[in-house]
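Shared chain: chain A. Partners: chain B in the first complex, chain C in the second.
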Partner chain A sequence: MFDLIRKIWRTKTVTKTELFTEAPERFRGKPVFTSSKCTGCEACATSCPAGAITLQQNDDAITLSLSYAHCIFCGICAEVCETNAIQLTNEYRLATKNKNELTVSQQATLAKLLTTGKEV
Partner chain B sequence: MKSGKEQTADLRWALQKRMKEVLGRSLHIRHVDSGSCNGCDFEMNTLTNPIYDIQRFGVDFVASPRHADMLMVTGGVTRHLEEALIKTYNAASEPKMVVAIGACACSGGIFGRTYANYGGIDHIVPVYVYVPGCPPRPEAIIEGILLALDRYEELSRNKGENRH
Partner chain C sequence: MFSFDRFRHFLTVKTLINPLDPTFPSVAVQLPAANWYEREVKDLLGLRPQGHPDPRPLVLHGDWPEDLHPLRKDFPLDQHAPRVQSREAFMRYDSEDVTEIPVGPIHAGIIEPGHFRFGAVGDTILHLDARLFFTHRGLEKASEGMPVQKALFLAERICGVCALSHSIAFAQAIERAGNVTIPPRADYLRTLFLELERLYNHIGDVGNICAGFGFAVGISQGARLKEELQQLNERITGHRYLRGVVSLGGMRADVTEQEREDIYQTLQYVKKEFKELVDLLLTHDIAINRMATTGILRLEHANDLEVVGVAARASGRSVDIRRDQPYAAYDRVHFHVPVYKEGDVLARIRVRIDEVFESFSIIKQLLQQLLDGDIRTNIPNLTPYRSAMGWCESPRGETVHWVMIGPNQTVYRYRVRSATYSNWPAVPLAVKGNIVPDFPLINKSFELCYACCDR
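What follows is the complex of A and B.
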């Protein structure tokens, strides 16, 4: 009996006082893409197990589209990216009424890609 | 001017306030498992534990779709559970708010669209809100509920306009 009361006293109230709290720093949440760093190596698209990342190469630009609806937040894309163009943040509030909002696409120009490619 | 403590209290009860505005009563949720791996189901159960304690806002999980205002669907609709989902949807009372929880329910997730998996519940039933995540945090599910209430308000307003 005394142990039980002591346990309750120690634990105190665990219920969250806020509706939304920030996720821990190491939480794998929304992946963000920085187009200026991308070299167009397609490592992220090939390594993605859910097929959430697709790369489309045009004449002068490369379009990377990332679907949060498909993403399983495994973090492999961030791991394989050599230039850290994709990074996972601790943002978790992704709920939406419109499914099209879940697909984010970004463009990187090919000229930049070629120059960075030469450097590598 | 409200003090900081009062403001956080307001935010905390925002869900209950919103429910009273939109529905005028508490919100009852029926959970439908359409072939999920149970990851999202665990996160949904977490909502009722002492840490999140969503029942203090008047949100309750019920055992029958006939009692429910909202259906929370997890999993990417396997061929065997398609019928169960359709039957549950038909049995649910109006408004049939359908919330897709997790990557599988949103788009098929890691399983994708195969011969045994439909790849997203929006192929079968109309969806109000998509909550992506594998699994989504319980807080993300709370946000999904809030968005579904917004959507219901929009739709009911439009319905009223069409009638006149």
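What follows is the complex of A and C.
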């Protein structure tokens, strides 16, 4: 009985009101896309196991949409991207009241694609 | 497919079945462990076992059309099955003294769906019908035609708490199909993470079993230590449940020198705290009184049903696939496999406690031996229609994945036999003769997961 009380006393309250201000460095959270680096190679879209990334090529631009609703945060896209255009951050607060906000689209222009020497 | 631990070999028995009359003689009477497998193959593939003692549906509940078999290749993935009049049947009791108590499929806690129907005489359980497979997801069907790289993520999502065991078993199957030897460092890392998975599960389970008899200090201390371990997992791999650390042909996550020190320090602390918890629990008279002689699974039942994992070792059945068919780096570390003869809840909690300390020792050896080098190799072109197996001792027991490769690096057929699948049929036998209030305790001591069946 006494050893139980002693254990409780020694442990004290361990509950944290906020688990961490920031997730650990290695945490695979929200993927972000830097359009200026994209070469339009589609490696991310084809390797995404959840089909969360879609690339649409128009005449002079390429539109990449990323759905956080489908993303499983595996980090394969960041791994296959040769120019680090997609990277996973440690941002984990992704909840929103509007489901449409979970899909983000970004455009990269053809000019930028050409400077990387990659044909569209 | 049979495994003979004594000879360290697998034996595959193949037979041809007439496509016009897909039947085969049942062996469930001679091998009670075959019961579920035969019923499943009847449900999903329509191969009918002749002379099976229990013809009830297993995976597909009675309201699924009898002539529709989802795992057949002519069943399209998007086909919708009409609901028919249920053929579901539970044990019927003729005596008025037997009270039927239905529990579930929705439970008070946050556990998964399962329906239990007790036939009780007063407080004592006469018979238990367990109805599972409520949320069968058809992952094996969904994986057909999927590139193996993507199917790895599907395998990882079969179960939440043995995610790593499933992904490693799948990766091993693919690597065996492609004759790939993974780099030694990857072997060590897989072993390290597998033991971290076992640790957080076992320590959490020891705490959870305390919930079976309302020992609040045990519950909260167990939960606290599990949280410490999960935060460690997150710091070193980026995921609390160790998802996304395996790749086909090696590992995706490596540990740095600094993280090695982090693992060492955290485990030192958890070990000390866990030792205190164990001392409190095993010297507590009421706790021992509730656990001892409760829910005894007899050795002959465990052998007949080919029970695996903690439940087997607590009933005197010495099986541990880490020792019997070593994989990853388990042949390069020393560990002891605890075996108890009693087969009760106390024996099962003791096996877990002993294994926790074994895991600490394994991790210590691994951190000392960890070799430098690559952690990944490439998977070559896989020969279509070649099949291979991968296995892994998950915290619940041995998990076996069988894969047949299809054209263009895809999965043609896939079958997952999780530890839970082997152990569920044993629970009704262990429950028999106990009182109804002890059922949650017995169930927790087996710690079986529903998702592993509902794959």
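In this section, the second predicted complex is superposed on the first by the 101 of 120 C-alpha atoms of A that agree within 3 Å, B and C clash if a C-alpha of one lies under 4 Å from a C-alpha of the other, contacts with A are read in each partner's own complex, and residues count from 1 in each chain.
The working rule: a contact is a pair of C-beta atoms (placed from the backbone, for glycine too) under 8 Å apart; a residue touches a chain by one contact, two chains touch by 3 or more.
Just so you know, these numbers come straight off a predicted model, no measurement behind them.
Should A:Ile8 be classified as contacting the first partner (chain B), the second (chain C), both, or neither?
In the superposition, A:Ile8 contacts chain C only.
Which holds for A:Pro49: it touches chain B only (first), chain C only (second), both, or neither?
A:Pro49 contacts both chain B and chain C.
Classify the contacts of A:Pro24 with the two partner chains as first (chain B alone), second (chain C alone), both, or neither.
second
Thinking of the overlay built on chain A, is A:Tyr92 touched by chain B (first), by chain C (second), by both, or by neither?
It touches chain B, and chain C stays clear.
Any idea whether chain B or chain C touches more of chain A?
Greater contact footprint in residues on chain A: B.
On the A-aligned overlay, A:Phe73 touches which partner chain: chain B = first, chain C = second, or both, or neither?
A:Phe73: touches chain B and chain C.
In the overlaid three-chain picture, which partner chain does A:Asn84 touch, first (chain B) or second (chain C), both, or neither?
neither
Does the superposition put A:Asn100 against chain B (first), chain C (second), both, or neither?
neither
Going by the contact definition given at the top, which residues of chain A touch chain B in one complex and chain C in the other?
Residues 14, 23, 49-50, 72-74, which sit in both footprints.
Mind pulling up the chain C residues that touch chain A in the complex?
On the chain C side, the touching residues are 149-150, 152-154, 157, 217, 221, 224, 234-239, 243-244, 252-253, 276-277, 279-280, 284.
Give the list of chain A residues in touch with chain B in this complex.
Residue positions touching the partner: 14-21, 23, 49-51, 67-74, 92-97, 99, 102.
Which of the residues in chain B end up touching chain A in this complex?
That would be residues 8, 11-12, 14-15, 50-53, 56, 103, 106-110, 112, 120, 122, 127-134, 136-137, 139-140, 142-144, 147, 150-151 of chain B.
Quick one: in the complex, what on chain A touches chain C?
Touch residues, chain A against chain C: 3-4, 7-8, 11, 14, 23-24, 26-28, 47, 49-50, 72-76, 79.
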